[in-house]
Amino acid sequence: MKARPLDIAAVGTLATAFVAGLVVPPDAVQGDLQRIMYVHVPSAWLAYLSFTVTLVASVAYLRWRSLRWDRIAGAAAEVGVVFTGLALATGMIWGKPVWGVWWTWDARLVLTAVMFFVYLGYLALRRSFDDPELRAHRSAVLGVVAVLQIPIVHFSVTWWRGLHQPPTVLRPDNPQIDAPLLFALLMSVAAFTVVFAALVKRRSEITAKEDEALRFQEAGATAGSDITAPTIGGGSS
Amino acid sequence: MTSPTVSLRSVAVRKPGSLILRSVDLDLAPGSATALFGANGSGKTTLLRVVATLLRPSSGSGVVLGADLGTAAVDGVRRRIGLVGHEPALYPNLTLGENLELAASIALGRPATAEAQDALQQVGLAGAADRRASRSSNGMRRRIEFARLLILAPDLLLLDEAHVGLDPEAWLLVGHLIEEVTGRGGSALIVAHEEERIRPLVDGAVTLGDGVITGHQE
Amino acid sequence: MNLRNQIATLMRYELRDELRGGEVGFVVLPFGVVALLTIPMAIGIDTPLLQRIGPGIYWSIILLFGVLVTQRHSSLAPPATRDMLRLAGADPVARFAATTLATFLLLLAFEVGAGFATMALYDPALDSWWWLAALLPLTAAGLSMIGTIAGNIASGLEARTSLVPLIVVPIAVPLLLGAAQATEGLRVGAGILRWLLLLAIVDTVLAVAGVLTARSLEESAA
């Protein structure tokens, strides 16, 4: 496996963000606990970003019918589901000491959970197809329909939670964010985004190779060639 | 010279891991019936679905009843194609009569009760019209499909082993349908294994093997 | 045949096929009622609590078991039948609309049936019952459209029966929230218009999506 500029950039920014996240002073209110935000916030951002990429790539596939777009849509969803899961996990880990519970039914948390399951459904659908063209077509339709529902899910969840505010043990009421902390946060968002791009690129290349391997297999296998005359019954002609 | 009903050029169909059709050239002349032979799994059904405009070729080109395959023009000619596959195209909980009426009224664009009754009579199923499709024998289901073709009066008739397991009377029905279509100047393509039985009904035969047409017989 | 006649014809036969098969009436509805019956057994017989949570439980059941109604056998013609209808000239949009409408009517019946069971088992108290006349159809419409689209997307797949619920339920969250919150509003006497509006918006978006994707999905039939 050859390292390429994007991979190098991903590793570089990630290392920088990692160091930045560790060396900045702890948060005035939450202390070291706040450092989990350097993972949580960029993960949540990637959850949204990958949905958007899946939507755009799905529309592009339906428009141009090029499997390239389908691979990008699938790769973005695969990488997205990991980061959505990470956003959920880190959110819960952070929420336990701050709010006193793992799960608070906070609007954003619920929305992220719904997105997580929408992704899982989309990926489960993709796995079910053997035929790349069919996979591309059907999942593009789901990609568009599902992602268009996300804003509606967002509003419905926000309205729903607007009615009952969740009880909080310790509300982080701290709109002022220090410059070093802000820098570390932005750095981590940038790093995660580059990592996302690198992973999506790698993943779609792998899918392309898989599809190619399938084609290669075709060359030797025409319909009917795996079936030969029975060797019993004496029917040779 | 009139243009062929069906004309395929270098048609290939890929499925994951295999090439079902490699490069098929096929012409069906108006007024002709052609048998399509080939070993199990040689792609006969796939070829029939391509000709029926139901499956878009992976590559190559084709014209069916004047419409280019893979373009929106095929929408306009589908109504003129009659296909009987090896699975019966019936709703299991509807009666044979209802199934026929549904197909006929969609195709004709109006309620088709009278036509359905006539056709049932013609195929000898007038007495079984109220029997549910799921409780009918294979032969009855076949006859209902033939009744549908009588009403639809297609210009391109495609039979995919539709004659398997038919009694001699129903066999005559197949001959009648083919004659009717070719008499109108249409074409028929019939997938079969039993060369002896199908031979009298057709004008020529082609054989499919290794993803290409390997033999023509007059 | 114009689109409206095609829709009416296809829907009529599809409903007839379903009613004779009886999948919704004899299988899905009893299954849903059993679910309504098991919940008090699991959480304990606390009549005031059951009264309060009854409507919410009801809507969860409608969402989860309604998916089964949308995936009933009669909603998905076997491949040969689909080919036959395509060749007969049935418009993909008409087929989508017919299946959706048939599912809508069956879901509505399912909602009413499960609704009576909920009233009997949970005894919920609503301020006004009349709003349900708007709420039940709006929810049934949305669910039937999501179910039909998802069914078409997964058609021909072996994993279809387990795949479709996973696809449908997360997307249907706004329907659940809209219906449940509106019913909660009826229970406590709060305004419910915004929830009805939400349901109407979801239905509209889905109707547009269904019509726009119908042809494309049929083209990709395996």
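Going in written order, the chains are labelled A, B and C, and every chain counts its residues from 1.
Just so we're on the same page, contacts are C-beta pairs under 8 Å (C-beta built on N, C-alpha and C of every residue); 3 or more make two chains touch, one makes a residue touch a chain.
Since we're looking at a predicted model, the values are computed, not measured.
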item: Chain closest to the middle [Cα centroid of all protein chains]; value: C
item: Remotest chain, chain A as reference, centres from CA atoms; value: B
item: Chain pair showing more contacts of the two, B-C and A-B; value: B-C
item: Interchain centroid distance [CA atoms averaged], chain A/chain C, Å; value: 29
item: Between chain C and chain B, distance of the C-alpha-averaged centres to the nearest whole Å; value: 37
item: Intercentroid distance (Cα basis), chain B paired with chain A, Å; value: 47
item: Where chain B touches two or more other chains at once, by residue number; value: none
item: Residues of chain C touching at least two other chains; value: 219
item: Where chain A touches two or more other chains, by residue; value: 131
item: Residues of chain B touching chain A in the complex; value: 14-22, 38-43, 46, 209-211
item: Residue numbers on chain C that touch chain B, as the complex places them; value: 1-2, 5-6, 9-10, 13-14, 16-18, 20-21, 74, 77-81, 83-90, 219, 221
item: Chain B residues within the chain C interface of the complex; value: 49, 52, 54, 56, 78-79, 81-83, 85, 87-94, 98, 102-103, 105-110, 132, 148, 152
item: Residue ranges of chain A touching chain C (in the complex, touch as defined); value: 62, 114, 117-118, 120-122, 124-125, 128-129, 131, 133-134, 137-139, 141-142, 144-146, 148-149, 152-153, 155-157, 159-160, 163
item: Complex interface listing, chain C residues touching chain A; value: 149-150, 153-154, 157-159, 163, 166-167, 169-171, 173-174, 177-178, 181, 194-195, 198, 201-202, 205, 209, 213, 216-217, 219-220, 222
